[in-house]
Amino acid sequence: MKTTEITVLEDIELDNPIFIEALPGLGHVGKLAADHMIDELGATKFAEIYSPTFPPQVIVKEDGIIENMKNELYYLREVGEDNLDLIILVGNTQSLSPEGQYLVCKDILEFVKQYGIDRIYTLGGMVTGQPPESPKVFGAATNEENAELLKEIDIELRSNDGGIVGASGLFLGLGVRQGIPGSCLMGETLGYFIDAESAEAILNKLSILLNFDINVDKLEERAEETRQMIAKAQQMEQDMINKANAGNADDLRYIG
Amino acid sequence: MKTTEITVLEDIELDNPIFIEALPGLGHVGKLAADHMIDELGATKFAEIYSPTFPPQVIVKEDGIIENMKNELYYLREVGEDNLDLIILVGNTQSLSPEGQYLVCKDILEFVKQYGIDRIYTLGGMVTGQPPESPKVFGAATNEENAELLKEIDIELRSNDGGIVGASGLFLGLGVRQGIPGSCLMGETLGYFIDAESAEAILNKLSILLNFDINVDKLEERAEETRQMIAKAQQMEQDMINKANAGNADDLRYIG
Amino acid sequence: MKTTEITVLEDIELDNPIFIEALPGLGHVGKLAADHMIDELGATKFAEIYSPTFPPQVIVKEDGIIENMKNELYYLREVGEDNLDLIILVGNTQSLSPEGQYLVCKDILEFVKQYGIDRIYTLGGMVTGQPPESPKVFGAATNEENAELLKEIDIELRSNDGGIVGASGLFLGLGVRQGIPGSCLMGETLGYFIDAESAEAILNKLSILLNFDINVDKLEERAEETRQMIAKAQQMEQDMINKANAGNADDLRYIG
Amino acid sequence: MKTTEITVLEDIELDNPIFIEALPGLGHVGKLAADHMIDELGATKFAEIYSPTFPPQVIVKEDGIIENMKNELYYLREVGEDNLDLIILVGNTQSLSPEGQYLVCKDILEFVKQYGIDRIYTLGGMVTGQPPESPKVFGAATNEENAELLKEIDIELRSNDGGIVGASGLFLGLGVRQGIPGSCLMGETLGYFIDAESAEAILNKLSILLNFDINVDKLEERAEETRQMIAKAQQMEQDMINKANAGNADDLRYIG
């Protein structure tokens, strides 16, 4: 089993597409924004990505149907005024291990490079410690030109203030090394609920940057669904942990 | 050393066998049920599986004889009214590492596919937080058709409530990707003792699904034996931990 | 870099040697016993073993000279009344990772098999929770015949009481799979000091099993030296941890 | 992706250069000293080193520009009275995993060996538990001759007091095995702030050993900058952790 297994569902050609990464992270900000784009703009899935570095489990979805841990690639053609082609990376997980993170991001970048991508946007959340009334969007970029573009539309540039952990950071870093410029948009969030307002804030900025229109009415609805699903899962997990702790179920692990 | 080493003990041919996974997990529910099936129905071991991703230890069994950490494959021919062939996966451990879990499950699935398996059942426990009077059996499946079959015999379908972690989830997920449908039966359990009643509950459902009879009289006896062995091991482990903590025995680890 | 790098220092031929494993573990019982044998019986080092799975550090020995983390192989010819050849494995560490444990033990076993080994003894400590007046020796073996031999000389066989973790377990388990029988001698110990009495107890049993004489006068002296070195290292480590905790030195780790 | 990717920026030839390692560690002592040398003596970067074993993130530097986690090699020609060529290894990180540490250090050593290095100095901090008025410099070496040289200039040799963890230890250990002698200079530090005085202390000793002059006026200034950057990053990190803990943001990780 290779570190990254990519199943191509449709052979496509795109015109210098922009690559947008939005895997799950703080406040589900990036993921929520991208899932909404995929839905509203009618993106088409063209590849699925699996890795043994993902969490070793499946997820139980509606009515008892299981789903693999996976990442997915969607495409959109001629979006907005500038007729841009887009490739969007979403999914239900990121790699568990540090090395897995690097290897999977690198393999995905190699794969999407075949389609001629020439810019990268990564979407995420950022916890600032303030409950945001109206969430700010923070930014970082691979070079000054791109940083300047963010600043022009009132994205606050971060400065000497730590790291961008996970796929949102690594795609930019790997891109730099291969001459593909990129930017990261981070929506301010408390980080512990599904943050539809923060997702709306970054969608708003992204739509200016890429010059397209998007209706955000259903965004809060989508957030609410995800919230309920997670609340249920957390409750079960908590019960499980409580019981396990009570009786040291761990000790059962390896006894034949 | 390969990630998975499979030693074949007997060359066999089977008629589209059903693959049943029952490695150790919560409440030992799946393992206890499968060990009982193997014993009562007289299954034959035909392969042993080793992996460097298993815990780095051996187990001391009766009268000082050591046993390797391993998984084992048994087969049964023409079981029940439908004359079904079965392959049953049991063992004293699962992989320690997330990546090991994926790799070993994938290698085992590749191996049993050679025998023509066309359905997968995975057996496990599920902690619900209620001390069950009479344990329920929960279910999940790879498609709606299989989910429906579970529902028909009063298995409660889980829905949007989290994941199935470890081999019981992964075999279903890997099966989906290869077009092999499957279901998971999870016996309600508190998870911190060897739960014979929960094992009986899933055996009962499995015998309806596969249409065979099985005597469960000795199930409680088997649970009691396992319980005693584990209690003894836990006591020693606890003593060891107490002493180690008292004196930082860990610090001895790497001093020459 | 391979998982195990073995540097051969001397080409030797041995007559069906017995392989004795004594890497560091609880109470340093096995290591102390083997180091004493090497010294008293005048064993010769013939190979050094390195692995990237060992702890990523060096040790500072006397007068500021550093030493690599490593394992070492010694040989002895025609020991005792039965003129037995021995290979003894000692060192200042074991692998950190579970998978490293398996891989390094397997590589070492492959290597010593070239010399025609036909029996394995592994030496270790066992924490029982009682401060032993005169430490017992516990045993386990790969088959009944070997277990019987231990019992005959008053080694108490363990039974259904947990595992043997690390190299002392794995060499027996890997040996079983290759048809090389073996036994483990475990000296009762509190585990948190260098236990010369427990080491003497297993040396006493081993000398009966292999029919040789050994003077144990200097064993306590050797233990005392090791004790002082460890006490000093622990003090420094503790100071370092105290200071690090005080100021979150960890956060410095990755800032450029 | 290989474990270590080395990008050569300039083809150079050097005359038996001395290899100096100064990756981040306790109190940033080694790194601060080496960064200062690079600046004051005008060293030239000739290679960059990347690894999937580094932390899976990027760092946000001034004005929103991101930087990869990386190590860097600089060279200097004809330094000081003895006209010594130097290769200096610095960077913003070390490998996260134990095995990564070994593999990356080994690959870097192989790379710099091509330039004919014949001595290694590794620079680091050492926490002693005393707030040092004027920080001592401790030392260790691969052989007695080198240890003696340290002693002659009042570097206090460590003795039987534990290990040197990470790159500063491993380069010496790997060097020993390849016949390249080396020494480690460790500046006494509390370890939880950027310690300019400790860095000055080791620079002072190094300049005696290698017989060069260096102005240390700007060292405190450099330390102050780093301090501010880290303080800001820590504050954000702490806020993030507080918020994450409050709401179990971790549980969001793997829900699709």
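Here the chain labels run A, B, C and D in written order, and each chain numbers its own residues starting at 1.
Quick note on the criterion: contacts are C-beta pairs under 8 Å (C-beta built on N, C-alpha and C of every residue); 3 or more make two chains touch, one makes a residue touch a chain.
As the structure is a prediction and not an experimental result, all values here were calculated from the model.
Peer 1: From the centre of subunit D, which chain's CA centre is farthest?
Peer 2: It is B.
Peer 1: Examine where the copies subunit C and subunit D touch and state whether the two sides share over half of their residue numbers (same) or under half (different).
Peer 2: different
Peer 1: Taking each chain's centre as the mean position of its Cα atoms, how many Å separate subunit A from subunit B?
Peer 2: 34
Peer 1: Whole-Å distance, subunit B centre to subunit D centre, using C-alpha means?
Peer 2: Whole-Å distance between the two chain centres: 48.
Peer 1: Quick one: which residues in subunit D touch 2 or more of the other chains?
Peer 2: Residues 55, 57, 59, 61, 67, 69, 163, 229, 233, 237, 254 of subunit D each touch two or more of the other chains.
Peer 1: Report the residues of subunit D in contact with subunit A in the complex, numbered from low to high.
Peer 2: Spelled out, the residues of subunit D in touch with subunit A are 1, 7, 50, 52-69, 96-97, 100, 228-229, 232-233, 236-237, 239-240, 242-244, 246-249, 251-256.
Peer 1: Show me the residue ranges of subunit C that touch subunit B in the complex, using the header's touch definition.
Peer 2: For subunit C paired with subunit B, touching residues are 24, 26-28, 55, 57, 59, 61, 67, 69, 91-95, 98-99, 101-103, 106, 127-129, 139-144, 147, 150-151, 157-166, 169-170, 172-173, 176-177, 184, 190-194, 226, 229-230, 233-234, 237.
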